[in-house]
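Heads up, the next two complexes both have chain A, just with different partners, chain B and then chain C.
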Partner chain A sequence: MPKAFLIDTSRCTACRGCQVACKEWHELPANKTKQWGSHQNPPDLNPFNYKLVRFSESLENGKIKWFFFPDQCRHCIDPPCKNEAEGYMDGAVIQDEKTGAVLFTDLTAKLAPEACEAVRAACPYDIPRWDEKSGLLTKCTMCFDRVSNGMLPACVKVCPTGTMNFGERAEMLELAEKRLAEAKKTYPNATLADADSVNTIFLLMDEPQKYHKHVVASVRTGLNRKQFLSSVFGPLRRPMQRAVRA
Partner chain B sequence: MTNHWIDIKNADAILIMGSNAAEHHPISFKWVLDAKSRGAVVMHVDPKFSRTSARSDFHVPLRSGTDIAFLGGMINYIIEKDKYFKDYVVNYTNASLLVADAFGFENGLFSGYDPAARKYDRTQWAFQLDDDKVPKRDPSLNDPRCVFQLMKQHYSRYTLDDVSDITGVSKEDLVKVYEAYSATGAPDKAGTMLYALGWTQHTVGVQNIRAAAILQLLLGNMGIAGGGINALRGEPNVQGSTDHTLLYHLVPGYMAMPIADWQTLADYHKANTPVSYDPQSANWWQNKPKYFNSLLKGWFGENATKENDFGYGMLPKIEKGANYSYLFLFDRMYQGKIEGGFIFGLNPMNSVPNSNKLRKAMDNLDWLVTVDVHHSETTDNWRRPGVDPKSVKTEVFLLPSAHRLEKDGTVTNSGRWQLWHYKAVEPPGEARTFGDMLVDLMNKVRTLYTENSGAFADPILKIDWPKRYDADEMARRINGVFTVDTKVKDKEYKKGQLVPSFVALADDGSTSSLEWLYCGSYTEEDGNKTKRRDPKQTPMQAAIGLYPNWAWCWPVNRRILYNRASVNLEGQPYAPNKAVIQWQDGKWVGDVPDGGWPPMATGEGKHPFIMTVHGFGQHYGPGRMEGPFPEHYEPVETPVKSHPFSKQLNNPCYVSVSSDMDILAEPADPRYPIVLTTYNVTEHWCGGGETRNVPNLLEAEPQLYVEMSPELAEEKGIKNGDGVIIESARGRAEAIAMVTVRMRPLKIQGKIVHEIGMPFCFGWTTPGSGDSTNRLTPSVGDPNTSIPEFKACLVNVKKADKLTELA
Partner chain C sequence: MQLNRRDFMKVTGAGIACLSLSQLGFDLKPLKAYAAELKIAGAKEVISVCPFCSVSCHIIAHVKDGQLVSTEGDPDYPINQGALCAKGAAMLSLTRSSHRVTKPLYRAPNSDKWEEKDWGWVIDRIARRVKESRDKNLQLTNTKGQTVNRLEHVFALGTSHMDNEECALTHQAMRALGVVHMDHQARI
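So, the complex of A and B:
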């Protein structure tokens, strides 16, 4: 049974402890950022931010809504990025059997830029980022080193409110159902995002698109044809591409 | 806090007001959300919709500086609708006490006001005493001179219409909060109030909290689990430093700083030791001479003797009425009356109002020693933008200090828990702890005095000063020791052994203690209790999340203050499921009770509010500078010319300094029509001097911004992300516009008033981040504490043609 995250956004206060702890644990350098009219900074995921709290606000019928989305890799059960990458090279993207962690290895640096872009595009959640300088594809590692040594991922360890949870998938699903039942009392639209297909399960208080456009795979918009095919037929294309490259 | 962090989970209603708890005290929301899961209603009343509001059941925006109007309206609502907890109010509060005839209130002023001195003759606010000098009471609460009736009359003016008109809160929202919160007036319900600088940093700061206290006493919310008045203190050990009194008007343990009128120890004690003739009043401060004399003994050791008043004569005495708070200190510096000084771990050039004046004031110093982890706007003031360093005469020293992770010691959290923390790494390079530096510095001064003599050498040479700084040794001195062999009950203590609790402190020189409230933290029996990390608890304690063996808590490990108010006269808890203490088989169980006397019904009991003279919770508080009842007054800089409650526009006693740079806007000044409030951010610590040097935090909040409503932005032609200029009567600042629906225009007296908000954590030593927001704020303060009015002033805003500070 793999491990899983439960990210309960109904408890998130956007303190960004997770965002900063992730950087600290992975010893990622700071980006030079600017205030751009939002608390969301850096504005997007990048090679030095595997975890980013996204902010989304609106005024609905005189009521202010402010959603926080601690975005990160979903560690998909059947990861399209891995399937896509294997079309180019074995071992660049791997999935740890024991934890279910989807990991980008140093071999990603050997992928051609187009291949990196294809892996990126394969992700229905817009997570992977390409570090132009090192050539590596980057994203959340599930703190594989920590978890392998019996520790919690850094983002979970620092969370003060119980938003970030981590454990056996079965336990997290159980907790998710319990929290969902509670959340539904206050937020009738509350849902679990793609719980069947991912190991990073988000509990949402409202419709996914109110948080961010890539919260669930199904609401992904603006795909070009290549991206669409990649996401749907990735696994099927693999033998074909191998043939081509051979 | 009267209660503690975990205890928030026991609340049925949580009113967060004057605080952005989720952003500035993130851990608080662990417990707020826990309470919410159990069905508590969480309300956030604040000018800005913040991350706190996002996780609350609802948010109510109000105009900065109108909290007393809002709370006064709630007091009126509770009394009118009979929502108060009558038994509690009669038995445990001063509602039934009769007030003497001299007290009155007219046109916004209480009796005894002297306009020339801007002060009250507070003797006019006394209680009526019987022949035994015990306050007269009317338990029926019907006497027109009883506190309850006077309070009822006072707040009857705070109608929903008038409160709504001046706060900008709709009547529906007022009723929503009042109704939800006043439901905690039921005996088994608990309501907690969480506040921070949003209540204190006003010219009516103290009275904001007094208003909260009145509400909590009316609803029976003091002393109970899930109740209390809970000040969320700042990270930099604010609770600990307050207890040890980094304030000019107090000495450690909340005792008065000696003034020139009190030349002898007897004078001091006569003026400061309260007397009660009521056998049912514990009047705990009657013990003050024991605590003060033990403090003198702690300071002067063997040189403190009965014959020399324990060294009292060696203490400096301040002039009566003189104000040595930083507003006044920097004003004197501006006038050239200060030659030099030390600034330890503080960045006043960024975090004190009217920064432009302060920065100039510091140029007047001949010498300055700054002690910090990083360069800051204060350490580097001599080379600030627009100033030629050659023109600054000050000789500046910067001593590198150790970071808190580089030293052993204790931190006292908001819940009064004193916790030991261990050094994680050695300080780098030549960096040293403040303690090391101060001890060595004083020893050097002592050597110089010994070798060369000097003016008034006694306090310097006769102080009991250590050779080296040692945190453990300091913790022992703070707790205190016996100075002679002593027997306490059946137990013998040798000279030099630790005093077991403040009950054993004496006024005869046989004990020392550098802080009586911390006496009991380090004992012969249990060692250094601040190091305890044992979660052991009884089932009764477990029910309310009380951990008596985890660290140590002042006073005497009592986790909830005034807890004898949580039980009825028979000693049985009003809320049995959340009992704090209970009288069982002839003793108290649960928390450490506020005094071990038996329940009141036995006739041997003492009133539960033991720190007040008469033993009652104070609806009527005759000790404050501007009146016994909180009254709405506008901020000194206000967007209105009048308010509905009286003709007295501002606090009649607020303090201020005057210089050519202390300019104030007129009421409703057309040049500055917008209200500015200022605040911290999650990602930076206070003035930002430390955290701007942490790249990952600067990445998350890189530059000064101003939050404003889309309506104001449109009026001013400003778009989200634009550079803007904010101007007050004192200065200007550049910021990036954050145009957000989270700021709402407010309707005040029929007109739209805009409010904007800015953090104050950015400064010029972090290039491109912006510079001090406090160039805009005024040097005006609360008359009780002199805390400045950071939370409300007047500004204007316009789009910037060009940015230099944010380039």
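So, the complex of A and C:
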């Protein structure tokens, strides 16, 4: 039975507890940041931030409205990053059948920089980041070590507002519908983002574009040309490379 | 080798699980490596209090071989119920950060440099400055001639890192000196 996150953005106050808890659990080093005009800091996901609360403000009827988006890996049910990576190497990106967690292993360090870029580009949510120094591809791990030991992911455990939820996928979908019905009373345009295809389900108060560019997958149905070619030739790539080398 | 029933079940159970999965051709090594690395496994749990604001969220500090390895909210505490804000969530970094000040620092009047000083020197100097100010500025009576014993030239700024008992002690010490301007600073 796969697990899932439900992230109810209507409850998020952008305290960034999740962002810090994630960094603390994974013991990731600090980033050098500067004032760049937004509370969103660091400005983007990076090899040392698997989780980032994005801040977006818009003016509606003369009132400022904030849209907070605790961004992270969606742990797709059919992950394009895994399909792409398998074209180069087995085991660099794996999916745990029990929890549905999509994991980048240490083998990603053996992928060539171009391959890493291809895996990055395959993500419809712009999540993976490449650490130039270690050569590793990095992203949210669904706290796989914690979850396999019966604990909640660090970001969910820490959340004081009920924004971050985690559990069996079926339970999360049920909760999502309940919360959506509740949210619609205040926000008539409220939706669930890509709930059918991902295990990190975001409840949005308004249109996805108001939050961030990559809130919903850019290609929602079928494969684009690049993904199509990758899925067709992916499995052949390694034997071909081997043949070229020999 | 002696096995009780429980151990026997564990060993056979694990054996059967490994056999069946490996027979199906799954390579479980990478996943196992991920799952086995729970850094707080076997750690002692120590209940602590977040030092930042007056909400005083409880924190579980995981201690292994005398070292702090992880901190997280205490789910059994009714106030925070396991949750923490960004500051409380950063308790591990608070203890490990290279920016942490571990020795008293002194900046002389008009100086632009901090100097490291030992505690004896610092406490001695604070005591001397407090006494000088009190001897010079203690106001025994107000304009109506009533006894007030007030010291308006010293104020105490507290810290939300102080617990209730430390606050009580500081308050009593300040009152004894005649200090009337006090702020605990636990509003955040």
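Annotations for the structure displayed:
In the analysis below, the second predicted complex is superposed on the first by the 217 of 246 C-alpha atoms of A that agree within 3 Å, B and C clash if a C-alpha of one lies under 4 Å from a C-alpha of the other, contacts with A are read in each partner's own complex, and residues count from 1 in each chain.
Assume a contact is a pair of C-beta atoms (placed from the backbone, for glycine too) under 8 Å apart; a residue touches a chain by one contact, two chains touch by 3 or more.
Source: prediction; values computed, not measured.
Legend: residue contacts after superposition of the two complexes on their common chain; A:P42 is shown touching chain B, with no touch to chain C. Once the two complexes are laid over each other on the shared chain, residue contacts for A:R16 go to chain B and to chain C alike. The partner that reaches more residues of chain A, of the two candidates chain B and chain C, is B.
Of the two partner chains placed around the shared chain by superposition, neither chain B nor chain C is touched by A:A122. By the touch criterion defined above, A:L59 reaches chain B but does not reach chain C.
Touch criterion met: A:D145 reaches chain C, while chain B stays clear of it.
Of the two partner chains, neither chain B nor chain C is touched by A:A85. Once chain A of one complex is fitted onto chain A of the other, the partner contacts of A:L103 are limited to chain C, with no touch recorded for chain B.
Legend: residue contacts after superposition of the two complexes on their common chain; A:P160 is shown touching both chain B and chain C. Legend: residue contacts after superposition of the two complexes on their common chain; A:E24 is shown touching both chain B and chain C. On chain A, the surface touched by chain B in one complex and the surface touched by chain C in the other have residues 15-17, 19-20, 24, 30, 160-161 in common.
On chain A, the positions that touch chain C within their shared complex are 15-17, 19-21, 24-25, 27, 30, 91, 94, 96, 103, 105, 107, 141, 144-146, 148-149, 154, 157-161. The part of chain C that touches chain A in the complex is made up of residues 27, 30-31, 34-39, 41, 70-73, 75, 80, 82-86, 88-93.
Chain A meets chain B in the complex at residues 11-17, 19-20, 23-24, 29-39, 41-42, 57-59, 64, 66-68, 160-162, 182.
Taken together, the chain B residues at the contact with chain A in this complex read 22-23, 26-27, 29-30, 33, 37, 49, 51-55, 59, 682-683, 695-705, 720-721, 736-742, 744, 806.
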